[in-house]
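So, here's a batch of structures to check.
In the two assemblies presented below, chain A is common to both, partnered first by chain B and then by chain C.
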Partner chain A sequence: MTPRPRLAVWKFASCDGCQLSLLDCEDELLSLADAIEIANFPEASSAISAGPYDLSLVEGSITTAHDAERIREVRRQSKFLVTIGACATAGGIQALRNFADINDFVAAVYASPQYIQTLATSTPISAHVAVDFELRGCPINKLQLLEVITAYLAGRKPAIAAHSVCIECKQRGTVCVAVQGTPCLGPVTHAGCGAICPAYRRGCYGCYGPMETPNTAALAALLKSQGASERELLHAFRSFNAGAEAFAAQSRKHEPAAGGESP
Partner chain B sequence: MSTETRNIRVDYLARVEGEGALDLHIRDGRVSSAQLRIFEPPRLFEALLRGRSHAEIPDIVARICGICPVAYQMSAVHAIEHAFGIHVAGPLRELRRLLYCGEWIESHALHVTMLHAPDFLGFDDVVQMARAHGDRVRGAIALKKAGNHLIQVLGGREIHPVSVKVGGFHRVPRRSELLPLAEELKRAQEQAIELLRWVSGFEFPDYQRDYEFVALRHPDEYPFNEGRLVSSGDIDIDIADFDREFEERHVAHSTALQARLRRRGAYLVGPLARYALNFDRLSPELQSLARDAGLGPVCRNPFQSIVVRAVELVYACTEALRIIDAYVEPEHAAVDVAPRAGVGYGCTEAPRGICWHRYQFDQDGSVVEARIVPPTSQNQPSIEADLAAVADAIIDAPDEVIRHRCEQSIRNYDPCISCATHFLNLTIHRP
Partner chain C sequence: MRSDTETPRAAARITRVALQALIDALIARGYAVIGPTVRDGAIVYDQLSTTAELPAGWTDEQAPGRYRLQRRDDDALFGFAVGPHSWKRYLHPPMETLWTARSSADGFDFSAAPSPTEKYAFLGVRACELQAIAIQDRVFQHDRFRDTAYAARRDNALIVAVHCAQPASTCFCSSMQSGPKARGAFDLALTELLDAERHDFLVEVGSPAGAELLDSLAAAEATRADLDAADAVIAQAERRMGRTIDSSVFRERLRDRAEHPRWTEVADRCLSCGNCTMVCPTCFCTTVEDHTDLSGAQAERVRKWDSCFTMEFSYIHGGSVRQSTGARYRQWMTHKLSSWVDQFGSSGCVGCGRCIAWCPVGIDIAAEATAICADTPPTPGATP
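Then we have the complex of A and B:
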């Protein structure tokens, strides 16, 4: 038997949901383990074998100096490095600190903030090391994760579309909620979830981050014409992918200092 | 008696959710300190929630934990509704219980099968275990899938479901969507009973501790979303009075806020506590299944928590079937919500134990202050006490044996370190 490619799963600041997606592949997990050697996946196995690894899946963002060092070591140990989820690709919800005073944030949670060692920012993996592929979503779609792993095993590019959630609503046959007046980030949001929110009678809230070349200004104008306040626009673009450049830039236009209403 | 000094370390705990390590110091034949070190970086949820709209809270707090997002959503919506003077009843309340059943099933099945059982049978992981126990593992994985499927139908996806909102749901299911789930859940119920029989036959270390159990207690239900906060001591309070009996301490030379009983220190939340305080809320059939599995009405052996989780798996499948059978589609997916200034409390039973939330809102319903007490930060003092006690009991054993027993002791709690870590950070030094 030829040696199987070696898989490692790494965690940084995150909720564990994206690596859990691998264990949620209930029908595929055991056969996946036949095709690939799970060499380092502490959430699932006590057997940890040393690197190098052929494929590393990285969950979470960089929020401590120690983790900034650790990701460099992970990169050194990994032939192909894939980030999984909004934390690893855009800094996650914890990147809201990037727009605030970190000392104020820490003091709000801890009685003795001087004991807490954390960076002022939450940054994506790509801000620290080269990344070979970024899989989006908060959380990722487990079927897309299987596609990325399968593509890696087959030596091809993963078939992951970069268009908007709108296309997925059409594919799903969901009646557009935006035209009915529900605030929806679908027109600027990266596909991949399968357009769940509009199918559940609510607007997309952008948890897959910006699509390729999103027209956020046009969407902001539409939302405003539907009655959204500057503060609502600020929060709409500043959530689970607050650190993604297109959303960060649009959110800044709705800050009180930028002419938006005070919150 | 040995006079040597031994230090036993595990640098990265496996098969737990999040990043932690273990430090055990042994001096003169006794454990001198047992530390569960948490190096999971803090994400500061209480801070980032400030200024956000009440309507955004269920989606934001879900991100505290990928394994138990429903618990955070449920505690949050109950706290928000409490602040705004809203009460959700009827089919919407039942649907919330149903969603919680899904989470208990997926989370307990994950822990029992993939994280905990390998300890008892000497495997590193579920993949290895499946080679020797293929049918049992496949049955348990199908059970986990049934829980996830339930969340997917109700919430759109298994992790961070999108349907929960203040006042109810964005969308409620048709009866015709739930009926096929009932078929799957009937099989899951049988698989859960099989799993219960299987794990009850494991060999458990002879160890008991006189925990003070803390859980919700409801007049006629095994608790999910509602009830008074009670203990096996003398506590019986409204959830709003949490601060009267419980405190979060910032220990010297520690960055951990640990929850403790003001009067008695460490306490235990989770399956063992729920079960002991609510055994009489289980049906006679389930009580007798528990007895057949070797459990009395109270279980004080933390290693047997795997058996109690299996009992709760049977309960969650049974309860889900009851709800689906009786389900009547509500006229509206949510009740009207009118924000107002005020404070609200929510406390629900996450798979790992009570998850307590308090929010203060201004008059437009924006968050002024948020406090979240997750189960694992409450259990941490108990985990450390267990570590010292189990290691003391086998102190002359080789390091490797002690190390394994300690790791197993931590996994007894199914700790959710990502959850706990907006309270716990970096190295914990205890005197």
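Then we have the complex of A and C:
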């Protein structure tokens, strides 16, 4: 048997949900282990073998100086580096700190803030090292994760679309909730989840971050015409993907100081 | 064999109760009956087995970027325009496996996807939708390369049209010469005759299959009064058409006004979400995805609906050809209303208004095309 490519899974500031998606691939785990050597995956096994690795999956954002250094070492150990999830690709929900003073948060949360060493911002992995592929989502879709790994093994481009959630809605036959008056971020949001929320008559929350060509200003104008307040618009664009450039820029337009009403 | 010419006036009338017998007859002949039904606040197309599933007493209120169900003050079964779905969903499905392959000692063994066996009976096909089906027939069947899966589904399909009695405010089929009277290739066409005294359907026959079906029903001979009532239904639909546009200038002027400033102005509003192309009953573009399994022993090629609003759509080596939203919107509308004529011999638009109602921000193809094609030529603007 030829040696299998070696896989490593890394965690930075995150909730572990995305790497859990890999363990969630219950039906495929055995064939996955046949195709790739799971060499470093602390969440799954304490048996860790040293690098270098052929494929690294990186979860989480960079929020400490220590992690900013550690990701460089991960990059050095990895031939192909894929970031997984909103934290690793956009800074995650913890990127809300980017819009406020981190010291205020630390003082509010910790009894002894002097022991906390953290950066002022939460940033995606791509802000620190070169990334070969970004897989979006909060959390990622395990089928898309399998597609990325399978495509890597086959040496082909993963079939991961960067268009809007709307196209997924239409492919599955869901009736558009936006046109029926429900606030929905689908038209500016990256596909990948399979358009779950609109299938249950909920608007899209934007878990997969901005799509390839997001017209956030036009969508904000629509949401406003549907009755959204400035505060609601601020929150709509400032969630799991608050740090993603298009959403961050749009959310700033709805800050009280930017003319939006006070919360 | 269906007739493509206007059907001679049929002379049959069935009651609302007999409509169930029609559905039963279709099911007995092996058809999956697909028709309108209320789901998720809209009139969608789905598989039916009883008339109780039809949207009795419902209508649709439509406007740019807006769709709401409303109660009617009668029990009409077909008292609405068109909803978010079109028959394209069945004849040209959103996802379809083209072939599978298995690795073998000397390479790969390929297997073509099995020919579709679905046998659909479409109940409630509007005039605009008949025209849309005819347009997709032209695209998929009448060129050098025939889409065999589409052709198989199409050959198996039976069409029960219903002449439109209730155009929406977004409708402009009269302006596109596609409605409201169904003139295309149907097997049967119904006109709903509903007043205080009765709830019947006038039935016109368009094919031997339709005639055979009608023979199996308890049909009465239509009277002169029935025929007049059916004519009146279509005449009042014509009068209630949502909008009227002059489509005769689109082909030439859209082609010649690629630099019109309106293209960039639309782009400010356009979400490039692709909804217009997905709901359009004639948009046919697809992409293909190749999938492999983890072992690398199996592969398949899947075809999925695609949209000219995505960046991948025009991606060639080095990047996407149509970078700006204005360029992508211009491509869509110019193809639909202008170059479609050069390519396929008809407009690609049937005036159903779906792209207007189901555009989240309500961009109105009729209004935009009319503005770009106004009599006064524009002053040159920025190229999208």
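The rule is short, and it goes like this: the second predicted complex is superposed on the first by the 263 of 263 C-alpha atoms of A that agree within 3 Å, B and C clash if a C-alpha of one lies under 4 Å from a C-alpha of the other, contacts with A are read in each partner's own complex, and residues count from 1 in each chain.
Just so it is clear, contacts are C-beta pairs under 8 Å (C-beta built on N, C-alpha and C of every residue); 3 or more make two chains touch, one makes a residue touch a chain.
Since we're looking at a predicted model, the values are computed, not measured.
Q: Overlay done on chain A, so just call it for chain B and chain C: clash or fit.
A: fit
Q: Using the superposed model, measure off the angle between the directions from the CA centre of chain A to chain B and to chain C, in steps of 10°.
A: 110
Q: Quick one: classify A:Glu43 as touching chain B (first), chain C (second), both or neither.
A: Touch partner of A:Glu43: chain B, not chain C.
Q: Mind working out whether A:Arg172 is in touch with chain B, chain C, both or neither, as first, second, both or neither?
A: In the superposition, A:Arg172 contacts chain C only.
Q: Comparing chain C with chain B, which touches more residues belonging to chain A?
A: More residues of chain A are touched by B.
Q: After lining up the shared chain so the two structures overlap, which partner does A:Gly186 touch, if you call chain B first and chain C second: first, second, both or neither?
A: So A:Gly186 only meets chain C here.
Q: Considering only the touch criterion stated at the top, classify A:Pro256 as touching first (chain B), second (chain C), both, or neither.
A: After superposition on chain A, A:Pro256 lies in contact with neither partner.
Q: Please indicate which partner A:His163 is in contact with in the superposed arrangement: first for chain B, second for chain C, both, or neither.
A: second
Q: Touching A:Cys207, do we find chain B (first), chain C (second), both, or neither?
A: After superposing on A, A:Cys207 lies in contact with chain B but is clear of chain C.
Q: When the two structures are overlaid on chain A, which partner does A:Arg97 contact: first (chain B), second (chain C), both, or neither?
A: first
Q: Determine the nearest approach in Å between the Cα atoms of chain B and those of chain C after overlaying the two structures.
A: Here the least C-alpha separation of chain B and chain C stands at 11 Å.
Q: Jot down the residues of chain A that show up as touching in both complexes, chain B in one and chain C in the other.
A: The overlap between the chain B and chain C interfaces on chain A comprises residues 201.
Q: Quick check on the complex: what are the chain A residues that touch chain C?
A: Touching chain C: residues 28, 31-32, 34-35, 146-147, 149-151, 153-154, 156, 159, 161-164, 166-167, 170-176, 178-181, 184, 186-188, 201, 211-213, 215, 217-219, 221-222 of chain A.
Q: So in the complex, the part of chain C that touches chain A is made up of which residues?
A: Answer in residue numbers: 39-42, 44, 65-68, 83-85, 89, 94-95, 268-275, 278-279, 289-296, 304-305, 307, 309-312, 325, 357-361.
Q: Can you check the complex and tell me which residues of chain B touch chain A?
A: Spelled out, the residues of chain B in touch with chain A are 12-19, 39-48, 50-53, 56, 59-60, 63-67, 69, 106, 110, 114-115, 118, 124-128, 130, 137-138, 141-142, 144-145, 148, 155-160, 162-163, 165, 170-171, 250, 254-255, 257, 333, 366, 407, 418, 422-423, 425-426.
Q: Which residues of chain A touch chain B in their complex?
A: Spelled out, the residues of chain A in touch with chain B are 11-21, 23-24, 26-27, 29-30, 33, 38, 41-48, 63-64, 66-67, 92-94, 96-97, 100, 104-106, 108-112, 115-118, 122, 138-139, 141, 193, 196-197, 199-202, 205, 207, 232, 235, 239-240, 263.
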